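What follows is subunit A paired twice: with subunit B in the first complex and subunit C in the second.
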Partner chain A sequence: MPKATSDAKLLIQSLGKAYAATPTNLKIIDLYVVFAVATALTQVVYMGIVGSFPFNSFLSGILSCIGTAVLAVCLRIQVNKDNKEFKDLPPERAFADFVLCNLVLHLVIMNFLG
Partner chain B sequence: MASAALDSLPAPLRSLRLKTKQQELLVRVSALALIYVLAFVIRLFSVLRYESMIHEFDPYFNYRTTLFLSEHGFSEFWNWFDSESWYPLGRVVGGTLFPGLMVTAALLHRLLRALSLAVHIREVCVLTAPFFAANTTLVAYAFGREIWDSGAGLVAAALIAVCPGYISRSVAGSYDNEGVAIFALLLTFYLFVRAVNTGSLAWALASAFGYFYMVSAWGGYVFIINLLPLYVLVLLITGRYSQRLYVAYNCMYVLGMLLAMQIRFVGFQHVQSGEHMAAMGVFFLLQVFFFLDWVKYLLNDTRLFKSFLRITLTCVITVGTLALGIGTASGYISPWTGRFYSLLDPTYAKDHIPIIASVSEHQPTAWSSFMFDFHILLFLFPAGLYFCFKRLSDATIFVVMYGLTSMYFAGVMVRLILVAAPAVCLISAIAASATIKNLTTLIRTKSKSPQTVSAKATGSKAAAKGAVDQSLPFQQNAAIVLLLGAFYLLSRYAVHCTWVTSEAYSSPSIVLAARGHNGGRVIFDDYREAYYWLRQNTPPDAKIMSWWDYGYQITAMGNRTVIVDNNTWNNTHIATVGRAMSSYEDEAYEIMQSLDVNYVLVVFGGVTGYSSDDINKFLWMVRIGGGVFPVIKEPDYLVNGEYRVDKGASPKMLNCLMYKLCYYRFGELTTEYGKPPGYDRVRGVEIGNKDIKLEYLEEAFTTSNWIVRIYKVKPPKNRS
Partner chain C sequence: MAGGLAPLATLLLLLLLVAAPLASAVRPVSDAHRSAAAELFAASADGSFGDLETTYEAVRTFQILGVEKGKSLTGKACELAAEKLAPSSSSPAKDLFHAVRISGVVGCSVDSSVYDDVATRLKTVIKDTNSLLELYYSVGGLLSIKEQGHNVALSGADSTFHAIKALSQSDGRWRYDTNSAESSTFAAGIALEALAGVVSLADVEVDPSMIAVVKNDIVKLFDTIKSYDDGTFYFDEKNVDATEYKGPITTAASVVRGVTSFATVASGKLNIPGEKILGLAKFFLGIGLPGSAKDCFNQIESLSFLENNRVFVPLVLSLPSKVFSLTSKDQLKVEVTTVFGSTAPPLRVNLVQVLGSDSKVVIAETKELQFDLDNNVHYLDIAPLKIDVGKYSLVFEISLQEPEHETIYATGGRNTETIFVTGLIKVDKAEIGLSDNDAGTVESVQKIDLQKDTSVSLSANYLQKLRLSFQLSTPLGNTFKPHQVFLKLKHESKVEHLFVVPGSARQFKIVLDFLGLVEKLYYLSGRYDLELAVGDAAMENSFIQALGHLELDLPEAPEKATKPPAHAVDPFSKFGPKEEISHIFRAPEKRPPKELSLAFTGLTLLPFVGFLIGLMRLGVNLKNFPSLPAPAAFASLFHAGIGAVLLLYALFWVKLDLFTTLKYLSFIGVFLVFVGHRALSYLSSTSTKQKTA
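The block that comes next holds the complex of A and B.
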């Protein structure tokens, strides 16, 4: 399998090179997303070890992470300068929407955590 | 248009003149206001004909819970344990209902009280459905404008305001979940399409809230949570994936799911039940799709991307299949429920679940009721589909899919015509509006004469064809003729809708009306007579046994405890009642003693000719009873596969409890001139057992037209 490994190596190299060109604000959002997903995974692992007994607590924990990640990805799509679909949308409006959605998300999560 | 004539006016008048755009706005707003009023007013026939009262069966439960909610407050409502139904089990009402309707009505009531309008909660409940139907027209207008143009929106609003398929469930007094749910359904769809078109998080959030309202109101939300992923899937397959879609669906799904979990009756179903798994699958699929798209954009190299694709796809499919397999095998993901199966396979319920099949509104739809409920929309619908395909966009694809899937479901179950009604109206509106627009532009370009564009008209397929070809002679005349034809069709639609509403859909079914010999109207108010008798003459803790159809009404109007009611959550309990009704009197007495029954209530139409009585429902009792207790066998009650009550009936039939209770003392009564005594006017036969003696029960009350008969269960005999 030497070809496959070299393929994978080449893949990772070119991906890293391409990603380095991304603007900083997008990189920050990416970091936020990665962090949220990592938290979600940790919770899944924890659930696997301890069990999912207060199921609503587990669900609210994991949905909080997934929701955060998804909303952040949406924000990333909307503020990306290269994106032609959202040229008319000012970044301020996108951010306001993002904050609003997060507010709703976490208010509901707080209610559900119980 | 008429500006030349207006230019000659004096200056002060000229300043009052409206510009064409303003004129159009004025016409549009006033038309919409009229439609709003019309949608409300046409649903008031039932109040005019009868009185302001709650109809049918389920609405009585809703009314009772609303009353409780407005008297005791939300927190007690949420934790309400009802011991008056399902004796001796009781029912946790707060956790087993959709609270949307009750909360809405209670809030409206409180709002009106705050405005110092002293109305009774019953009036609010009676008028909730028409009010929401009127609001639906506004949503239909907005939706139509989003998918086509404002003209189509206006036509859609006008069509849905009077569409019989919708009116059937939203007349004044039919205080049922569907009344608000169709509004919520259409609102959710509109906001979602809006979110897809704009790609804005705020609209997606609004659509999640619409979904929340829908979930709180009606179990039909399952349609939304399956249609949206299907739509996303179709867009993905046809290569119409866009990042607007990603934003709209993901935000709507995550927030909508989370909000829906707050409704206790729905609870964890979004992550556990098989009916909701499609949405979750598509959610993950979209993430994968987005990720691949992003990597492709980063790499900018086809060969590398292909190898990347191979690796990720293999991983994802393996993991997904494994998770689904483990989840189903370990029982974590519950399989689909019976009602859902019967949607996909119409014959499923007939073979497996008699309790679903026994409800008449769960039967497959007949062609005539399609015609009855949609009238010309049935012909406009395909034409509208043609227009949608001609101008394909994300929004029209959505409405086409909504139309086609809901039409399928409408064919499977009669009651789901309701879900199809908004889609059919929208698509027909597109056909009507586009056709009229074509025709009027044709007329105007030739003659240059002022011709007001009327958005409130409709046409046929032939009309559309005539408009396309520009070079025909007499084109203008033909267009005028077609336009007149369109107006004629539309007016027929309006006439049909009004007629259907006043004749067919405005009867409360708790008060019956019939034509007497001399043509005058005869009112049978036996149900309420019986329920008020129960309320006044029985001890407050009396337990009433009846077939489950009347359970809600007895608890709401009679204020007495019932054994089973219309919330058919416990099949065994219903089967026990069915067994009691179809056993001999002494066996039934034992069952009734074990359930603490004090009174038995049966509905009997033999005197008046009221056909949906207990004798006609009896075979279902036998079937449901026999499903749990194999002692009860359906062939015992039939003679050569035929159901009869006359002399030729089977001995078991002639002596079972239900037969005895219905026909007790009936042999002495002459119902129709020239017929022998004991002539049953529903079945059209002379009954077979005229000499009925009751040993363990005694007649307590029979209403003036014999429709409801109540028997008292005698206490056990003294030991001798």
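The block that comes next holds the complex of A and C.
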């Protein structure tokens, strides 16, 4: 048993070490994704407590968070230099796409919010 | 025919009401007119009648009818007139005309100096105008001043006469002024009255040839008179859509005023047929009690002109009562009077013809009516005429006894009046009984007396027939067929059935075949009450009689049979208030407490705070933000643009609609693409430089 615990510790430590080597801009994106998902979870908890009465508002809130998290993940894929697939794509272009997609997404979200 | 029909008593009452209007045909002016006039010309709370014209019409109508009005009313009228007559007031000719006439009718004390002033003003109007109405008002005003005992004379009467006559048309009608193309019958009446006024006001005699021309115009005017079938004559405009249309009562009244006034001042007799004058009198009397104050004034004043005129004085034949009972041996009474009910000169009234309801001649021989000097009625006993019950048209002929009266009075020769003769109808040979279906053999027949209460008690099954028969005969022994003969069956559960009893020449007989009626009777066995109703307007002993009851045994109702109506619905209930409709709104959804919602709003901010803390720990900085002014400006504008779009979204959520949002978004979007492109391409170029460097 203690071996398994130490193994898990070891694993997490090596994971943390490996992650520390990640470029800062990717870490910012990761942080943004975590923030978005955490906000979505808060809303799910609220829905679990009081019920889903203004259902469209609930959906808007959740989808806004999840949507922007997915878009951020896409951005992360495109910005990561290790991904040879997107080597020719400048990160500025990827950011422009991210902004545009977010604006379109939130226009729809606002329309649905009621 | 099932239950729910109105009670028979109501039907009989209605029948009597149908006969009632017949009694209100042409009758002379009576007290009913006086009370009607008092009602129509009711003074308002301050004791006035309204404007000048209405006030004149009111006082004039009361004067003719001899209705006494209190001093306060006449005082008010005088006040109104004096106010208009005062030299300081610049009243138009119309107001002066009405005011002078009010003073004349009521007898106000007006200074002669006031009248002198009014006369001068009116004479100026006469000289200056060529409008018919202005001429009429000023001549009428002057005439009224003269009639009140002041010395007024119109110099140059011939020219005034010509001025009025110049407006006349070839068909006897008049125009309102020289410019108008429309000619009017109403204007003709006004013009004739004005001409009569000019003739009486003239200081020298008016040219007799002119008067002869106007007399000819009057004859032509009477050629345009209109008539009804019953000898009623009236005047109306040729074009009823003309601008000045006033309706037949006003138009005819105007002509009557004009013609009778002119006949009074003109020498010699007007060549107008007496029947037309009588027809006009019938027209005004036929109005009965008028509905409006204007009509009342026109009716009463026209009749007062007809009552005493130089053309023909109409004599009206009228019946005090139009219903005669054979039982009480009523006398046929006929009154011949003037329109105001004054005694006529000696004359003979003959009953020339009696027509039945189907216009068949019943009696063709002439019978003279006796004259009762005390009551001033002509009478005739009905019994010797041997006329039966029913509705008849009587044709009377009036002939004046003195030949010289023929030129003064218009009797109209033949007059037709509709009367009702009622009597007791004899009911006999009434029988009620049951018979078997097939052979028709009568099992039990009871004679009953329909004039008394009877209570037969019968019992039948559905294979039998109920027979009821009786005979009706008039006092003269003829068969009688009333309007309504009904047999009513009333089940103990209040379901009613009504059957019409068919009548042949000899007798009334109904056979109820219960086998064919089971469905109509809703298979309801049990006790039925029998009722017979016989009614007619000419039948004095119309009755609704309970005959007794019938115990009926009907087969069981099959499944599909129609159910009897739940219960007789009160026919008046549909006018009652309807059931109130209560509106139900959707119950509001359950909402969480406010505190909980606010707490979670705060909770959603926590990840954002975490995000910011995380950013600080990562050591994020803005070193990459362009330092050169132009790219820095573009970068700031890019961020401001994104902020603007998000702000626009927030506004969209709060109050804007989709279309306005998209409109603004298109502007901001284009701007954002431009600055974004510049800002990001600068960043891109710097990063590639760094790489290559």
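The working rule: the second predicted complex is superposed on the first by the 114 of 114 C-alpha atoms of A that agree within 3 Å, B and C clash if a C-alpha of one lies under 4 Å from a C-alpha of the other, contacts with A are read in each partner's own complex, and residues count from 1 in each chain.
Definition applied: a contact is a pair of C-beta atoms (placed from the backbone, for glycine too) under 8 Å apart; a residue touches a chain by one contact, two chains touch by 3 or more.
Not measured: the values here are computed from a predicted model.
Asks: Which partner does A:N111 contact after superposing on A: first (subunit B), second (subunit C), both, neither?
Replies: both
Asks: A:F58 in the overlay: touching subunit B, subunit C, both, or neither? Say first, second, both or neither.
Replies: neither
Asks: Return first, second, both or neither, reflecting whether A:L10 touches subunit B, subunit C, both chains, or no partner chain.
Replies: First partner only, subunit B.
Asks: First (subunit B), second (subunit C), both or neither: which does A:L89 touch?
Replies: Once the two structures are laid over each other on A, A:L89 reaches subunit B alone.
Asks: Is A:L31 contacted by the first partner subunit B, the second partner subunit C, both or neither?
Replies: Second partner only, subunit C.
Asks: Considering only the contact definition stated at the top, list the common interface residues of subunit A for subunit B and subunit C.
Replies: 111
Asks: Over in the complex, which subunit C residues touch subunit A? Could you list them?
Replies: 589-592, 596-597, 600, 603-604, 606-608, 610-611, 614-615, 618-620, 642, 645-646, 649-650, 652-653, 658, 661, 665, 676-677, 680-681, 683-684, 687-688
Asks: Looking at the complex, which residues from subunit A come into contact with subunit C?
Replies: 24, 27-28, 31-32, 34-36, 38-39, 42-43, 45-46, 49-51, 53, 90-93, 95-96, 99, 103, 106-107, 110-111, 113
Asks: Once bound in the complex, which stretches of subunit A touch subunit B?
Replies: Within the complex, subunit A contacts subunit B at residues 7-8, 10-11, 14-15, 18-19, 55-56, 59-60, 63, 66-67, 70-71, 73-75, 77-78, 83, 85-86, 89, 94, 97-98, 100-101, 104-105, 108-109, 111-112.
Asks: In the complex formed with subunit A, which residues of subunit B make contact?
Replies: Going through subunit B, the ones touching subunit A are 199-202, 204-205, 208, 242-244, 246-247, 250-251, 254-255, 257-259, 261-262, 268, 271, 290, 295, 298-301, 304, 307-308, 311.
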